[in-house]
Structure formats: structure tokens, C-alpha cells
Amino acid sequence: MGLATAYLSLIVLLPLAAVTWKAAKSGRTGFWQVVSDPQAVSALKLTLVVSVAVCAINAVMGTVIAWILVRDRFPGQGAVNAIIDLPFALPTIVAGLTLLTLYGPRGPAGVNVAFTRTAVLLALLFVTLPFVIRTVQPVLLELDRDMEEAAASLGAGSFAIFRRIVFPNLFPAILSGVALAFARAIGEFGSVVLISGNLPFKTEVASVYIFGRIESGDAAGAAAESVVLLVITFGVLLAIGTLRRWTTRHDRA
Amino acid sequence: MAIVAQSVTKRFGSFTALDDVSIEVRDGSLTALLGPSGSGKSTLLRVISGLERPDSGRVLIEGADLTRQPPQKRGVGFVFQHYAAFKHMTVRENVAFGLKIRKQPRAEIRDRVAELLELVQLAGLADRYPAQLSGGQRQRMALARALAVEPKVLLLDEPFGALDARVRKELRAWLRRLHDEVHVTTIFVTHDQEEAMEIADQIVLMNRGRVEQVGGPRELYEEPQNEFVMTFVGPVNRLGDEFVRPHDIELRLEPNGESERATVERVVHLGFEVRVELRLDDGRELHAQVTREECERLEIAPGAEVFVRPRHTRVFA
Amino acid sequence: MHRWLLRGLGLGYLAMLLAAPVGVVFWRAFEHGIGPAWDAVTTPDARHAFYLTVLIAAIAVPANTVFGVVCAIAIVRRRFPGKGIVNALVDLPLALSPVVVGLAFLLLYGRGGWFGSWVSDHGIQVVFALPGMVLATIFVSLPFVVREVVPVLREIGTEQEQAASTLGASPLQTFARITLPSIRWAVAYGVVLTTARALGEFGAVSVVSGHIVGKTETLTLHVEERYQSFDYVGAYAAAVVLAMLAIGTLLAMSVFRPKEATR
């Protein structure tokens, strides 16, 4: 056990501490200066807006896809289920390249979103695809069909059944998936790097901004922005976790 | 006739759950669908409720042919073996559900729910969640929920199957009293013949997708129409082609007429009754049921010699 | 019927976002035939990148597997102060941006970093060299084995292990003969996920490696480098290699997946 904790602290805590330290070293004013730099603010804003949008889209599409995988039957269902994990298996740079190839300047579809904010959205949708699906699937599988039948016998039509019975029971799982997707989206780098063109103030996300600061030798600036990103991530995760616990209060006997 | 099923057949793949089943249920009665597992009783109930569609046959409720209607439109209340409680809603919200769907005014819903919770004795637990209730309480909630929308017919699928023995007995009697108060035509499914015999007005005994016999508890017990009915509804001794109930075996210390000699192998005291396990001279085994006084009077003990004579036997063609 | 609407919506979304893009990359790679693609992927730089990627994974995956199993057992079966924190820490790498991870390692082991002087005094080069890349990869692929094994260990319970000890087995024997076999599929699945992550790492390694072509470039960095140099065939060919590794990973995931997620 001692070995495990030693390994853990070495690998995980130290890096985190180093970044926080570096950010703190520049003092309160130094930190603020870096963080309120217009380019940094723009990158952060873009990252947040797109991440939230991506989470919203995933909440809906993820549930839809989980539904057709669990409640429906069609040929090739197993293959579709396997392919959902592609964003986990595929390196992010390759993911970016594939999207660029299809939806970029020489794409066969005639659609070109390279160097636009849509490109960032697209890349983040790709890498966050599996999260909500995989958290919702097991819950949907376990869901007691009796409740839906009871609702039908009490007069509820299919939409009412979904709205009043199924959805409230799926909601906590959707929240879990959204939390994972948000954490992933907000820090995503590899898939965005090629397709967005990384134009400052236009399509530069926070992680690319940080990368830029590192390449320019401004480690302090990079660290400061990193800390901001971390704080936001943890804040959002905490909020979602609390909401989730509140929505499952009925489970605690 | 409140409910009529006509020639209902239902297959699941190659398995025939219901084979040309027809039953009639009187308005206001409490009917039991009784039978072993796989007899089709739950399937029949679900066909009547609309949760299953029959392959052929008709279902009529209060004279209207509802065979093609979904459960929402049948006006049936359904209670499930495992309660099917809406676990994310409070007891109050559960019971109010059907009324909310029908968009009844808030005040009316409130009053009706309160009335029902009183009826099922859950008034103090209205704001709890199902996870915080016992099994018996959950089932009472499920009943209140089904009754809230004033169904024409109440259907219960092994309602007490998931509860332990003592609670089961209590709720069984409670259901009968509730029925007497509310008078809704009720059908319940059970595999427990004691339960059916105790509370039903009419029993439909099923086996392997067919109806074996329909009648009151007494009729089924005293005038069974075939071997299955007789053996299912009560304990039975088989002597060749003849069937005898244990309490119809007369024990004496002296031979008389057709009585045969037997040795007592074991005496089991079951409270008021005593079961006497006997072996006839030719090796066949019987068990008889006598009262405590008879047992003492005849001094029945293992190894003793007695003479047995069956009072009523039945033979089936 | 709702069913067709949902099917169309879901499958259409997946086709547009996943299937089509990947299909097009394969097409582009072999657009000019297999020859040029093969040549592009067998240049010395490409070969070195492939070799480096595999080497890093070969170090990171076993390390994280051993750690993962030990850590999972500690979390599920032992009491110790700060267990909740350990649990949260294990998940930390999933919440951090890879670029931040790379930055952190630069700050630790780079010139002027916390261990910077210690490291250079001992003549070891960590950043802009293999060790740094290995460390960064270990970090980002840390959680997977732990997270897969923990729920399985919880569900199995301790009864079998207790039975073994009453029959005379030592803790080590119990571990080897009872515990390990009962978690082997969870471990296998975790290993598959860890390997996929290690092979596909880009951001952290990009920062830590200094991308010195032919020396500290992994295959993922190589894809980017080729693309930025307008060698599209080279970029796509390398991407195809990685995509095929990914598809292999997907197949392995389907095989080892713990729960049935459709019917």
C-alpha cells in the first residue's frame, strides 16, 4: 500500500503542485495580468461556450443513441455499439485529421468548416461522443419496465411515459456523462489543433493558448491560465456532482 | 358480465401460453386465476389488461370489445408483483399519477389522494419515497394508485408474491375487506391455492394454457372435475384409480367391513391437526388427517396397528 | 413511427461524425495507390516514430497495470486514512488537459524546474527526451486499470478470499490463485484502454518532447509534423497506421467488454 501511495503522489500530485506553484509564484498581480490578457480571455470564453454547447448536444444525442442501442433492434447493432468507442481508441490528432479531411478545404462533401468555430465544435463533439452514451446505456438496461407498464395502465401515452417515468430515471446518468464530457472538452488539444487553425481571438481554444505560451517560453503565463482552467473544471464537476446527488435522493432509503 | 374473454390464444415463439381460453367474470366479484407456473394465468391477466395482445380471441369489458385497445384506453387498474413503484416520486405523487395524466384539477387530486391514502392506511407516509417503505406498504400504495382513477376492473398479478408469509396473510385478508368496501370487479393471479380458497368468490383453475375448472372454492374442493383439480386444490391420497382426501380416511382400532389393516409409521403434530403417515399391509403408503382428540383417543403412535377405511373416494374417467 | 425517427437521427449523427470521416482518411491515404502510402510510412523518421510509440507504450502499460491492480485492491479491500482522496486522485488525469500535463512535467524536470538541477547533475535528460515522454504517458493513462478493476472487486466480495484463507492459503497464494483470476477480464479490458490511450497520446507528449524529428517524435507527433510540412500522403499514411491500431483496440474492447451494453 505504501508503494501504491508513493507511486501515486509522485506521478499525480507533484505535477499538479508544480503548475499551481508556478502560477502562484508570479504573485497576485502577475497572475491577474496574465489571466486578463485579451487573447487569454478570448480563448477561455470560446472554450467554455463550445464546451457547454457540446455537452448540451451530447445530452440529447447521447440519450437518443443509447436508446436505439438498448430498446431497438436492427441489423449491425453490435457493430454500431462497438464503433461508439472509436473516439476513445483513436488518437486525437488522427481524429482531427479525419474531420479536416471530410469537412475541410479539399473535402469531398463540399463542406468546408476549417478555421471556423464550427470546426472546434465538430472536433469536440467527436471526442466527447461516447461519454453520455456509455453512462446512460447501463441505466436504461436496468430500468424496470414494470414502471412503464404501470404508467400505461394508468392512462399515460408514450410521450408522457418518457417524460414522467423514463427521463427522470435517466437524468442522473446523463449528468454523469455530461460531467465527463465537459472535463474532456474543456481541455481538448490534439483534435482541435489541425482543424481550427488556432487563430487567436477566433478559433484558439484555451489549451492551444497555453501551448502557445509554453512555446514562447512564458511558463508562468501558461501556468496561470492552466490554473484558471483547472479551477473551472473542478467547479463545474463539483456542481454537477451535487446536482446529481440531489436528483438521486429518492434512492436513499 | 363485467369481463369476458372469448377463445383467447397466445403463443410466445413455439410455446403456447394460452390455448383457446374462455372465461366470464361477474360484475363486482373477486375472482382468482389459480394455477402452477406456466399455466398461463399471468398471460391471461395481461391480455385482459392490454399489456399483451392475443393471437386470436376477444376481450370484452362491460360489453365493449376492447381487444384492439392499448392499456391506456381500457380503464383497468393493474397491480404488479414487484409493485412497479415510481421510485423517483413520493407516495403522494405515485397515487396522484393517473389523475395528473387525466389533467384533473389540483384541488380534486389532493382530496382524492388523501381519501385513498386513508383507505389503504398510508396517510402518514405520503411524502416518503418508495425506497423508504416496506414491501407491504409499497403494495398498498400500488393499490391506491390503481384505484385512484376509478377503474372498471382491478387486476392484480401475484400481488403478494414478493412479501414474506406473515405479511402475505395479513394483506390477503385486507384485500378481501377492501374489496367488500369498494366493490370493484377484481381479478387476481396466484399460485397459492390457500390464498385463492380463502378470499375468492370464484376460482378459475388453469393448467398449461387451459382452464381446468371454474367454480367457488367449495365446489372446486368437494367436486373436482379431474385429477389435476383434485390434487392441486388440496392434499390427496392416491390408491390405484381412486383419490381420497386425508380427512376422509377413517381410523379405527377394530376392523369393520371393508377396512384394511395398516401400521402407523409417523405421527406429525401440526397444531390443531395431526397427520398420520400409514403403511398398508401391501406396502402402499397413505396419510390421514385427524384431530388431536381422535389421535389421543385412539392412542395413535408409531408402530401401532390401526384399521383404515376411506369414506369418499373419487374416480376420474 | 417514433422508432424510425430515432434510428435515423442516431445513426445519421454517427455516420456523419464517426464513420464518414474515418472512411475518408483511408481513401485519401490510398488515393494514389498503396505504393506511395507504404513508402511514406517506411521512411526512417516514420519508422523511428512507430518504434518510439511502441516502446513508450511497452513501458507505460505494464507499469500502470501493476499499479492499477495494487491500487484497486488497496481502495476496495483496505482501510487507510485519505482513501477518498486517493480515489479522487486516480481520476485526476482524466480531468486535466494534456497540455497542462506536459507543462507540469516541464516545470518539474526541465531546466529551472524542481528536479531540474538534480536531474542534470546526474546526467539524465528527462524533458525533450524519452524519460519525460514515458512519464507523461504514464500519467495520462494511469486511471484505466484501476477504474475497471475496482467495481469488479467490489462486486465479487471477500467471501472467496476468506474461504481460501480458512483452507490455509497465505495472502500471496490467495492473491495469485483467487483474486487475480477473478479480476482478469477487468484487467484485460483496462489494459486495452490503457494501451489505446498510451498509443494515442498527443498533447502532453507534444509539450514534453520538443518534437525533435527523428529523435523524440512519436507516431502521433509525426502525423502532425508531416501535415504541417504539406506531406499529406505521409500524414494520412501514418494516420492510417494509427487508425488500424485503433480498430484493433475497438475489437479487443468488444471482446473484453465487461457488461452487455445492447441486449
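All chains are identified by letter, namely A, B and C, in their written order; residue positions are counted from 1 within each chain.
As a convention for this text, a residue touches a chain if its C-beta (ideal position, glycine included) is under 8 Å from a C-beta of that chain, and two chains touch if they have at least 3 such contacts.
The shown structure was predicted, so the numbers you read here are calculated from the model rather than taken from an experiment.
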Inset, instruction - Answer with line, ring, star, complete or other to describe the graph linking chains that touch. - result: line
Legend entry - Far-end chain from subunit C, centres as C-alpha averages: B
Legend entry - Whole-Å gap between the CA centroids of subunit A and subunit C: 18
Legend entry - Whole-Å gap separating subunit A and subunit B, where each centre is the average of the chain's CA atoms: 54
Inset, instruction - Calculate how many whole Å lie between the centre of subunit B and the centre of subunit C, each centre taken as the average of the chain's C-alpha atoms. - result: 59
Legend entry - Shared-contact residues (touching 2 or more other chains) in subunit C: none
Legend entry - List of subunit B residues in touch with subunit A within their complex: 49-51, 70-72, 76-78, 80, 82-90, 97-98, 101-102, 129-132, 142, 145-146, 149
Legend entry - Sites on subunit A touched by subunit C in the complex: 1, 3-5, 7-8, 11-16, 18-19, 21-22, 61, 64-65, 67-70, 72-74, 77-78, 80-95, 97-99, 101-103, 107-109, 122, 125-126, 129, 134, 137-138, 141, 158, 180, 183-184, 186-190, 193-194, 206-208, 210-211, 214, 219, 222-223, 226, 229-230, 233-234, 237
Legend entry - Interface residues, subunit A side, partner subunit B - complex: 144, 146-147, 149-157, 160, 164-165, 168-169, 249-253
Legend entry - Residue numbers on subunit C that touch subunit A, as the complex places them: 2-3, 6-7, 9-11, 13-14, 17-22, 24-25, 28, 67, 70-71, 74, 78, 80, 86, 89-90, 92-108, 113-114, 135, 138-139, 142, 193, 196-197, 199-203, 206-207, 220-221, 223-224, 227, 235-236, 239, 242-243, 246-247, 249-251, 253-254, 259-263
